[in-house]
Structures are given as structure tokens and as C-alpha cells.
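Below you'll find a set of structures to go through.
What follows is a pair of complexes built around chain A, which joins chain B in one and chain C in the other.
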Partner chain A sequence: MHSSVVQAINDHQEQLVSNWKKEMARVQEEYFKNSLPDDLVFTNNEEFIDVLYSSVRLERSEAEGKIKHFAERLIQTDWPLSYFTQGMQAFRRIVTAYIVPYINNAEEDSMNLIVEVEEWVDAIVNQLVDDYSDSWVKTLELQQMALNELSAPLIPVFEKVSVMPLIGAIDTERAKLIMENLLDGIIQHRSQVVLIDITGVPVVDTMVANHIIQASKAVRLVGAECILVGIRPEIAQTIVNLGIDLSTFPTKSSLRKGIESALELTQRKMVRIEHGAEWRA
Partner chain B sequence: MSIQSSVEVQTEWGIVSARQAGRNLAKEIGFGGVDQARITTAISELARNIYLYAEKGEIVIEAVEETRGAQKKKGIKITAKDRGPGIKNIREVMEDGYTTSGGLGAGLPGVRRLMDDFDVDSVMEEGTTITAIKWLR
Partner chain C sequence: MRIPILKLSHYLLISVQVDLDDQTALQFQEDLLSKIHEEGSTGVVIDLTSVDMIDSFIAKVLGDVVEMSNLMGAKVVLTGIQPAVAITLIDMGIMLEEVPTALDLEQGLEKLQQELEG
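Moving on to the complex of A and B:
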């Protein structure tokens, strides 16, 4: 930045900062309706102005690091981004209003000075916005990953019997995952019967039904059997209304009944142990 | 009644939020569990058709009332509007098993069975508007 602008900003620090704080008090009242806690506003304002001034004094890379550090700390406390942008805009207003007449006396071109202040402020705003959106993108990616891990788990419950509980809406992306996890899991766990539990699926429309039908066809191709369980009464009625034919593969009302017939299919059954029976035998 | 909500459908998330809006309103009007499932499934089919064939459009969900003599009946009306390619042969798409996307071909005929009143208005290259009403019994 032009040395005379830097000098002016430094020389008038006290007045500029006090004007800025007044302006920010107005922003806090009008824009945020005093919703931000006062003590935090105070400490953040102090640091904000410190960061601003250091960006004038320090080397570019050093200043960027300082802004980044400041932004990261405030992102963690959910401090609104608009407080920053408002703060930067307020600072620009104050600097231009206060400095330009003063510099004009020193026979400088005031238009150029305004442009310089603008560029300086915009660079900081851009960096703040970038830092904020980076952290949002990161959060979203992590959530997407967590969601994918939860979206179609295949659980081996008995030897040769696995269960895939589905909860929540099924979209195309998830349908693909369901198919992949089903087939991979069947091979990995050597399952003969897979139970797909749709108790937690809110809506079974033609697309969801189609994906389930296709998944069960693919399961049959790798030599296993698919049983659809957890069909709630209202879902059963809508499936019939839609005219979807699910008669080609077995369905059961509950997971318990499904497990019973899965055991039957693998020539086993559950028996109650008579108390003390082993002694008599 | 003027309760009305409109949901843009452009992504699969739009389908989910249209469904949610429909379920909430159906519950508010007083529909039972089975009818709520029918209504949300119908919305799901219509919204998916928009997403698959027209890319974008909107689903409008509103409460309606009709007075016939001394009887007053309440219902829910779903309007699916898009400016997509339109439907070439409406009779064909209303037949069970007809599909151009490799699906089950049960969507539109299914919606007609799920709801009470059903109407398709489609102009080639201009768009499609489908309205469906379910009455509270």
C-alpha cells in the first residue's frame, strides 16, 4: 500500500479506532439486534482491530497467517461471518471519510487513495470469506462421510444370515451404496440369506421399490436369497395402490419373523433351553 | 383456506422436502396414517417425475375445501408444475408398466389410484401440470 496511506492510518489510529468502535456498536444494535454477547463483542473487536492494523504493518504472508488464525478461532465459536464483513465495510467507510481530506492537503490524488484502501479491505474480506467457506465445505464433507458410513450397513447376525437395516429416505446415491454393500457383504460374510429391513424408510415409492427389486435380483445372481422385512401396514397399502408387484421375493412383516424363516432356509431353528434339561439327559 | 406451500424441485433433496411439506399439511388437515403415506408417496412420484424428465419444476401443496349442499369436505391438493418436454401420449403413460426410464412404470397410474381426483395437462415442448386431490373422509 502507498506509504502515505499507511502513515495516515497509523498516525490517526486512536481516532479511527474509536470511530470504528462507535460504528460497530451501531451495527451490533441495528443489524444483530444486540443478539451477540457484549463481552465477546468487546474482546473480538479488540482482536479485530489488532489484526487489521497488523495487516497494514506486517509482511503479506505474515498478515495472512494472523487473519487465518483469527478467523479459525471465531469459526469455532460460531461467530457470524457477516460481523466480519460489516466490520470491514465500516472500517473502509471510516478510513476513507477520515483520511481522504487529510491526505488531500498533501497533494495526493484522492481517487487513487480510495482505490488503495478498497483493495486492502477487499483482500482481507476475500480471505475471511474463503476461510469461512473452507471450514463449511470441510464440515459438509465430514458429515457426508459419516452419512455414507451409516447409510447401508450390512450386519452379519448369524452364520450365513445378514441384516441390512435401512433408515431414512433412499435416493439414487444411496440406492447404489445399498446394492454395492449388499453384494460385497454377501461375498465377504458368505451369507446365504440377507434380510432388508425397511421399518425406518418413510416412503416407499416406485423408485425405492424398483431399487429393492433390482438389489434382490442381483443378490439371487450371487447365490443368496433376499427377504424384505419391516413392511408397515400403511406402506403395504401404498405398495398395493401403486400396483407394484413384490410377489417374486419373500416378504415378512417383522425382522423377527424374517430371521425365523432365514434360519429355516439354512436348515436351523431357535429352541428354548428347558431349565436343567441338560442334567436329566 | 389459504394454507399453501410451494417447493422447488431441482435435486433429490427437493423431493424429500416436498414430501415433508406434504406430510406436515396432511397431518394438520387430519388425515390418518395410511392416507398420509398415500399422499407423501404420491408427492414423491410426482416430484421424481419432475426431477427425472423436466429437471426442474415445483410442487405446490395446499388445503382445499368444497361445500356440496350441507356437506363440507376438506382435502389436500397437490399441483406439480414444470416447463419440461411435455408428455407425448397421455393415454400411454397412464397405463401400468409403461416406462421410458427403465423404472417400474407405475408412477402416474399409481398416483391416480393413491389419490381421489387426478388431472394431467400437458403441452409438448411447453410443460406439464398435474393436479391431484385427496379428500378427507
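Moving on to the complex of A and C:
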């Protein structure tokens, strides 16, 4: 930045800061309706103005580090981004209004001065917005990952028998994921029978049914079998009312019955253990 | 490029280790049918574990081979179809509904035994 502007900003620090604080008090009242706690606003304002001034004095990289640090701390406490942008705008208003009359050298064009201040302020605003949006993107990615992990697990319950519980609505994207997890899981666990449990699926329409049918056909191709379990009464009604043909598809009302028939398919069954003779004797 | 066909008592074993192109697939169809004729085999296992791409023509040839072999009195089981291949086939609308499948060669042989007994 031009040295005369820096000089002026430094020289009039006291006046600028007090003007800025007045402006921020107005912003806090008008824009945030005094919803932000006063003591926090006070300390944040102090630090904010400190960071602003250091960005004038320090080297570019050093100043960027300081702004980043400040932004990170406030992101963690959920401080609104608009508070920063409002603050920066207020500062720009005050600086341009206050400084310009003081630097009235013949060679200095006041338009140039304003442009310089704008550039300086814009750079800081951009950095703050970038920092904030980066943190939002990161949070979103983490949530997406967590969601995918929870989306379609294949659980091996017995040798050659696995269960895939589905919970929540199924869209095309998720159906794809379900199919991939299902097939990879079958190979990995060497399952012969897979039970797809739709107890937790709120709505089964033609699209969802179609996805499930496709998945079961793919399962057959890799050499396993699919049983649809957990069909609630209302789901059975929708399926028939919509005219979806699931007749080629083995279905069971509950997971328990599904497991029984899965064991049957793999030539096994559950038996009750008789207690030893010593208790009968 | 010819795909080797191995004989194991009454069965024939085929492990496809190369990417199937149209020519190879048709050659394989002829070879398998004449082998069934020669040996009088009752069961065939075609293992596709190392195949990671099947197009619609190859899928059709495979379906045809299964049907033709059945006509000649040999049951066919396809084994080891990879997830990616299964997804592609389903996306193309090729269900291979009439073809028995199994997870791997071992289960394929078991399945063949069941089918022949049952």
C-alpha cells in the first residue's frame, strides 16, 4: 500500500478506532438486534481492530497468518461471518471518509487513495470469506463421509449369510452405493444368502422397488441369493397398489423369518439345546 | 487366442483368463460345443473371476452358449462374476435369468452336482 496512506492510518489510529467502534455498535444493534453477547463483542472488536492494524504494518504473509488465526478461532465459536464483512465495510467507510481530507497533496489523487484502501480491505474480506467457506466445505465433507459409512453396511451374521439393514429414504445415488456395497460385501464375506432389511425405509415406491429388484438380480449374477425382509403392512399395501411385481423375489415379513429361511437355503437350522441329563435325573 | 477347456471326469472346466473379444468368444462357443459332443460331458463350469469387462455381445454369446449346452444335455454354471461386471450387465438390461450362477469354482461345482441330482 502507498506509504502516505499507511502513514495517515497510523497517525489517526485513535480517532479511526473510536469511530469504528461507534459504527460497530450501530451494526450490532441494527443488524444483529443485539443478539451477540456484549462482552464477547467487546473482546472480538478489540482483536479485530488489532488484526486490521497489524495487516497494515506487518508483511503480507505474516498478516495473512494472523487473520487466519483470528478467523479460525471465531469459526470454532460459530461467530457469524456477516459480522466480519459488516465490520470491514464499516472500517472502509470510516477510513475513506476520514483520511482523504488529510492527504491533500497536489500529486495525490483522492480517487487513487480510495482505490488503495478498497484493495486492502477487499483482500482481507476475501481471505475471511475463504477461511469461512473452507471450514464449511470441510464440515460438509465430513458429514457426507459419515453418512456414506452409515448408508449401507453389509453385516455377516452367520457363515454364508449376511444382512444389509436399510434405514431412511433411498434415492438413485444411494441405490448405487447400496448395490456396490452389497456385491463387494458378498465377494468379501463369501455370502450365499443376503437379507435386505427394509424395516427402516419409510416409503417404497416404484423407483425404490426397481432399485431393489436390480440389486437382487446383480446379486444373483455374482452367485448369491437375495431375500427381502422387514416388509411392513403399509409397505405391502403400497407395493400391491402400485402394481409392483415382486413375485419372483423371495420376501419375508421379519428379519427373524428371513434368517430361518436363509439357514434352510444353506442346509442348516436352529435347534434348541436340551439341558443335560444331570438336571433331569 | 483360444480358451483352454479342461476335462474333470464328467465335467468340463473353463477359466477365462483373457479379455474376451468377439472372435475369441465365438471360437470358444464352437470349441466348447464340440468338446461336449466329444466327451459326452454332463456339466460345465465357466469361471469369470479374472474377467473385468463384459459387453452386450459377449453377454449374448455367454447366454447362447449356456442354452446350446443345455440342448446338448450339459448343465452350465457361471461362477465368479465380478461386482463391476454384474452392475454393467444389469445396467444394460442383461439379466441372464435362466443361467445358474455361483460365487466361485468350488460352489459352482457343488451347484452343478445339486442341479444334476435334482
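Going forward, the second predicted complex is superposed on the first by the 270 of 281 C-alpha atoms of A that agree within 3 Å, B and C clash if a C-alpha of one lies under 4 Å from a C-alpha of the other, contacts with A are read in each partner's own complex, and residues count from 1 in each chain.
The rule we apply is simple: a residue touches a chain if its C-beta (ideal position, glycine included) is under 8 Å from a C-beta of that chain, and two chains touch if they have at least 3 such contacts.
All figures in this text were calculated on a predicted structure; none of them were measured in a lab.
Engineer: Should chain B and chain C be called a clash or a fit once both complexes are overlaid on chain A?
Structural biologist: Result for chain B and chain C: fit.
Engineer: In the overlaid three-chain picture, which partner chain does A:E180 touch, first (chain B) or second (chain C), both, or neither?
Structural biologist: The answer is second: A:E180 touches chain C but not chain B.
Engineer: Looking at the overlay, does A:R220 come into contact with chain B only (first), chain C only (second), both, or neither?
Structural biologist: After superposing on A, A:R220 lies in contact with chain C but is clear of chain B.
Engineer: Of the two partner chains, chain B (first) and chain C (second), which one does A:D130 touch, if any: first, second, both, or neither?
Structural biologist: After superposition on chain A, A:D130 lies in contact with neither partner.
Engineer: Using the superposition on chain A described above, determine whether A:T172 touches chain B (first), chain C (second), both, or neither.
Structural biologist: first
Engineer: Consider the C-alpha centres of chain B and chain C from the C-alpha centre of chain A, and write down the angle between them to the nearest 10 degrees.
Structural biologist: So the C-alpha centres give an angle of 70 degrees.
Engineer: Using the touch definition from the top, say if A:P233 reaches chain B (first), chain C (second), both or neither.
Structural biologist: Only chain B; A:P233 stays clear of chain C.
Engineer: Once the structures are superposed on A, label A:V204 by its partner contacts, choosing first (chain B), second (chain C), both or neither.
Structural biologist: First partner only.
Engineer: With the two structures placed on a shared chain A, what shortest C-alpha distance in Å links chain B and chain C?
Structural biologist: When the complexes share the chain A frame, the smallest chain B-chain C C-alpha distance is 8 Å.
Engineer: Could you list which residues of chain A make contact with chain B in one structure and with chain C in the other?
Structural biologist: On chain A, the chain B and chain C contacts do not overlap at all.
Engineer: Residues of chain A touching chain B in their complex?
Structural biologist: 169, 171-173, 202-207, 209-210, 213, 233-235, 237-238, 241-244
Engineer: Taking the touch rule as given, give the residues of chain C at its contact with chain A in the complex, in rising order.
Structural biologist: 78-83, 85-87, 89-90, 95-97, 101-104, 107-108
Engineer: In the complex formed with chain A, which residues of chain B make contact?
Structural biologist: Interface residues on the chain B side: 12, 15-16, 19, 23, 33-34, 36-38, 40-41, 44-45, 48, 96, 103-104, 106-107, 109-110, 113-114.
Engineer: Which chain A residues qualify as touching chain C in the complex?
Structural biologist: Going through chain A, the ones touching chain C are 179-180, 183-184, 186-187, 190-192, 214, 217-224.
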